[in-house]
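Two complexes follow with chain A in common, the first pairing it with chain B and the second with chain C.
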Partner chain A sequence: MAEFVQLLFNGLVAGSIFGMAALGISLVYSVLHLVNFAAGDFLTLGAFTTFYLATSQHLPFVLAVILSMVIGVIVSLILEFILWRRLRRSGAGMLALFLVASGIAFILRQSIALTFGSDSRRFDLDQLTTYEFLGAQIARAQLIVLLCASIAITGIALFIKKSNIGKDMRAYADNASLAAVSGINVDRVIIATWTISGAYGALAGVFQGTVQGQFTNGMGLDLLLAILAAVVLGTIGDAYGALIGGFVLGVVMDLSTWDALAGGIPSTYKPVVGFAVLVIVLLFKPEGIFGVRARKI
Partner chain B sequence: MTAILQPGFWVFILTMSGIYGIFTLGLQVQYGVGGILNFGHVGMMALSSYTMAILVIAHGFNFWIAAASGVAVAALGGAFLGLTTLRLRGDYFSIVSIAFSEIVRYVIFNSDGLTGGSQGSLAIMPIGDAYPSYTDTWDTILYWIRDHLTPIFGEVADRDMAMGILVWITLGILLFIVSRVERTSWARVLRATREDDDVPSALGKNVFRFRLQAVIIGSIIGGIAGIYWALQVTLLSPDDFLTIVTFYAWMILILSGATKVKGLAIAAIFFGFLYGGTRFFTFWPFSVFDASQRSYMRIMIIGIVLIVLMIRRPQGIFGKREEMVLE
Partner chain C sequence: MNKKRGAIVASAALAITALFTSSLPASAAAVDIRIGTVQPMTGAGFAAYGTGLANAAAFGVTSVTTAMTAAGVAGSCKMIAQEDSVSDAPSVATEAATKLVKSDKVNFIVGSLTSGASLAIGAVTAASTGTLAIASAASSPALTTFKDNDTLFRTYPSDLLQAQALVKAISTAYSPTAWVTVGAINNSFGTGLANAFKKAWLAQGGHIGGTVLWNGGAASYDSEAAALVKTKRDAFVFIDYPDSFAKLAPALTRTKKWKASTTFMTEAFNDDSAVKTVGASFMNGIRGTSAKTNGTSAAAWSTAFKAAYPKNPGTFVDGSGFDAAVLACLAGISAGATTAKALAKGLRNVGGINGGTAYAWNELTAAVKDVAAGKPITYNGVWGYTKFDKAGDPAGGAFEVWSIKDGVIIHDDKLDVKF
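Up next is the complex of A and B:
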């Protein structure tokens, strides 16, 4: 029982991070029709800028996190203005968008490697305090991550549902030309989309860096697989689906190592479980778990 | 800088270009004809090369049988990928394919007992006290060729040159076969499915089956590239099969104009120089970086070239813009 609670909790923490990153990819896809392969490296960027600001520049940690989110947004917007906008206007197809996103991922990852080297880093945070809950050891850092992520996720879900920009985003994702004709400010929708994706990517990166303890410049890339699986699982382009997909995947991946399940699988194979879940779901439900044909956002 | 002057360096670049050329040809069949966006192509190379190495080293298989089995496993990998995701929208296939190749690499990295794990093929347990090598049969052929080259090229003739010649002969044969295949009715149907599913379906063609065949054929060619890769590097490591290798192939494919076979060899050589040549960027401003930092920059340059190509010349160097179908 204690092990189950432990794994469930770990899974929820991992799932909240997957969900936040998956949300960014899904939103960007629904509005801009591009799969942002660089999303993983935006997580790494967030973790490393936070590390630099908090540890090297001695800023308060929370301020460092907020500044990192701002940097994530700025980088996303610069890319929008110099690359994505131009590609959209030239009518670039899926392949061009895929390859440009991958090119950005390479440049971003190697820039981080060039700046910070290949050593692993850690945040100067209390990683040791743990609480006991139903026999499970729950780290304070994990608990804070789960709480903050839940707040961030609820906040963004409400924002998309209630706010005017959120409604514009949903309208634009549903029918771009109709939305543009009805006077929705398309540029504002696109900027809001990149802002959410950039800020949440950076925040998810900080959370992942905190939970992992140590992280290297490959952190985001290692997570990309699970994040993409969460996106597809929750139906690509569906923001709420991505959040739920993230949680499902996080919990399933961690519970798969449970001893009671025929000994559980070795924890190094967790990403394989994520992939297996994805393939099985796609075989039986090609539109993702929550997909009702082509529902958007 | 002296290494640039040595013939061995050029032979190396050309051999690698040829292997990447074969590898890219697999994508060419999938994308250039079928419009299928496979980003997990490197997984097929990993499957074939590791299958071959394991069968030869750990089970004492004859090299040719092991190599054929490797290519067969790559074909099965393609079939698995296609059967599970090819029915779905194109972007799903791309995402799952990238995940597929990462999973293959991940499993190879973590299955120490089978693949040697992070230590690579050197750590595969050989039969008896043998040295864990899978190149013996191939080396015999290479040395035989070298001995016949020596009268012509003198001291320059070596194992690497023999390897380069075999790689380019293979690429030439495969290019010929693929260019013939692309003139068949099979390829015409496949090309029609690239534009839209409805017309070929209405004509009674099973679109899914045609796409699946394209993925399997592409995977077989990718598997052949994997065998050559294994023979060229002589020692496999899971890091040989990072996702970026698939993107090298995409870069070659875009450079060559994607829908045409003829530019592929030249585009592969261009890539080889870009990839191999950047290690000699020892002059200013690159001289401020050390060797490992320059290797980071090499991948950055690939990323920049990809982006600039897609923005400035999506039709590649050899393609015509009006013929280029970017979906």
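Up next is the complex of A and C:
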């Protein structure tokens, strides 16, 4: 029981981070039909800027996190105005956008290395305090990450469902042409999309850096495949699906090492299990878990 | 008539020259040796090691060049380029090695730090026609069996020897029949040394409580930590790098079932930068083994190196990079040619496997004279003798046991092991 609780908790923490990062990718795809391969590096950007502001500039950690989210948004919007908007207007296809996004990822990663150096970093946070729950050791830092991620996830879900701009985003994702002729401010929708993507990417990076205890400028790249798997698992273009996909992936990967499941698999094969689940789901539901609601945010 | 007389004089001169030179050892033709390095000069956990090895190699080339001038030996040995393998990713190392072989046309690549990157470089040199690689800190047994067309050498001892050193250290600390749980990073270095250790430990009557591998870029290490602490054990052996262990150590601590004082590690942690990366609070009490210098005048070399490169970060393995570059230059002089086959023969000719006078790092002028005269020598470098075997491995090595107390690495010479 203790092992199950431990693995389930670890999986939920990992899944919440996958889900938050996947949300941005899925939103951007649903609105702009762009698979943002640079999303992983926004996680790295968030972690490094938070470290810089909190450790080097001695700002309170929460303020540093908020400023990092703002920086993530600013970088996303700069890229929208100088790059993505022009590419859309020039009629760039999916392959061109994919290649540009990959290039942006590389530039962003190297810029982070040039700006902050390539040494590993660690937030000055307590990572060792634990609480015992049903025999499992629940780390306070992980618990805080899980709670904050849950609040952020619930908040964004409500925002998309209830707010006017959220409704506009859903309408635009459903039918871009119809939304445009019916008076929806398309530019406002796109800016909101990049804002959410940049802010949540940066926040996910801070959470990942907190949970890992240490991070390098390759952190986002290391997570990118799992994040993309969460996007596809939850149906690409479905924001709620991305969140659920992240949780499913995180929990399945960690529980696969459980002794009770035929001895559990070696932990080095956790990513293999994650992708095997993805393949199995896609075999039966080719559009992902939320296939019926595809492209409706 | 004049032409006929000229021909007779020339023939006589050639005959006298041939008669005279046949009584001397065959001297090597002058060649220009081009050297490049591939080392991780940036990137978490490895930059201090890689920068030190690259600087030491450059210092080695300069030292041989000075010796060649003093000895009046023709030819040259030049450092052409120093490539950064950024955290020693094998793919980056491949790219860097390809550039050195194809564009810079180097005869030797000194590098890299890790086994994975060194194997990647070996794959590039194996396909080349005139480039050899000398890995300066790669320790995986996989290098021994790698099909490299006799182009991949190393100055650092194989982990087959380090496994024996670990066995001795743990036997001394616990007992020869103790239960040991082995954890390792899932790459050629980690699995190679883990398997070598387990084989050696079981062979001497010890018990293995379990083996857990982990991926370097995993999203979290909590399930790995849980798997490690549920095993039966008296001690742990962890084979890892600082940047990944920095993520595993908090996860292990959170289980409340791990004690650093029961843990043995390897040379990647025998450096202040590693303690800083992981955090002294996690490292205090950890012990480990590490290859160490076995050569002559190592302290004097460190002083000379520090004077030449005052900003060098300085790690325990710097001398291995120096030796690799010196051996490369001497091998080129010995070979008198730049084919891979001739250079490999030259390496063995100066490494000591064929005997010859022993020369230390500060006796390079005399060493260069002998080598240029076609004699085999035994270069007894900063790191020690190499005596390259058929696989390009050094014939022996020396190991020390280190421990960490209050964030400081303590070396105990009394526990040294020599093979």
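One rule holds in what follows: the second predicted complex is superposed on the first by the 294 of 297 C-alpha atoms of A that agree within 3 Å, B and C clash if a C-alpha of one lies under 4 Å from a C-alpha of the other, contacts with A are read in each partner's own complex, and residues count from 1 in each chain.
Everything that follows uses one rule, which is that a residue touches a chain if its C-beta (ideal position, glycine included) is under 8 Å from a C-beta of that chain, and two chains touch if they have at least 3 such contacts.
What you see is a predicted model, and the numbers here were worked out from it, not measured in a lab.
Participant: Both complexes share chain A, so when I overlay them there, do chain B and chain C fit or clash?
Facilitator: clash
Participant: In the overlaid three-chain picture, which partner chain does A:Ile17 touch, first (chain B) or second (chain C), both, or neither?
Facilitator: In the superposition, A:Ile17 contacts chain C only.
Participant: Counting only touches as set out at the top, which of chain B and chain C does A:Ala113 meet: first, second, both, neither?
Facilitator: Both partners, chain B and chain C.
Participant: After superposition on the shared chain, which partner residues are touched by A:Val35: those of chain B (first), chain C (second), both, or neither?
Facilitator: A:Val35 contacts chain B only, not chain C.
Participant: Looking at the overlay, what does A:Ala92 touch: chain B (first), chain C (second), both, or neither?
Facilitator: first
Participant: Please work out whether A:Thr130 is in contact with chain B alone, chain C alone, both, or neither, and reply first, second, both or neither.
Facilitator: In the superposition, A:Thr130 contacts chain C only.
Participant: Looking at A:Pro271, would you say it contacts chain B, chain C, both, or neither? Reply first, second, both or neither.
Facilitator: both
Participant: Figure out whether A:Thr44 sits in contact with chain B (first) or chain C (second), or with both, or with neither.
Facilitator: neither
Participant: Could you look at A:Ala229 and tell me whether it touches chain B, chain C, both or neither (first, second, both, neither)?
Facilitator: Touch status of A:Ala229: first partner only.
Participant: Examine A:Gly103 and indicate which partner it touches, taking first as chain B and second as chain C; both and neither are also allowed.
Facilitator: It touches chain B, and chain C stays clear.
Participant: Quick check on the output: what are the common chain A residues between the chain B footprint and the chain C footprint?
Facilitator: 113, 118, 266, 268, 271.
Participant: Write out the stretch or stretches of chain A touching chain C in their complex.
Facilitator: 3, 6-7, 10, 13-14, 17-18, 113, 118-120, 122, 127-128, 130, 137, 139, 208, 211-214, 216-218, 221-223, 226, 254, 257, 259, 264, 266-268, 270-271
Participant: Chain A touches which residues of chain B in the complex?
Facilitator: 31, 37, 39, 84-85, 87-88, 90-92, 94-96, 98-100, 102-103, 106-107, 110, 244, 247, 250, 254, 289, 292-293, 296-297, 299-300, 302-307, 309-311, 314, 325-327
Participant: How about chain A: which of its residues touch chain B in the complex?
Facilitator: So the residues of chain A in touch with chain B come to 35, 37, 83, 86-87, 90, 92-96, 98-100, 102-107, 109-111, 113-114, 118, 225, 228-229, 231-232, 236, 266, 268-269, 271-272, 275, 278-279, 282-283, 286.
Participant: Along chain C, where are the residues that touch chain A in the complex?
Facilitator: 42-45, 47, 86-87, 186, 212-215, 217-224, 226-227, 230, 242-243, 246-247, 249-251, 253-256, 277-279
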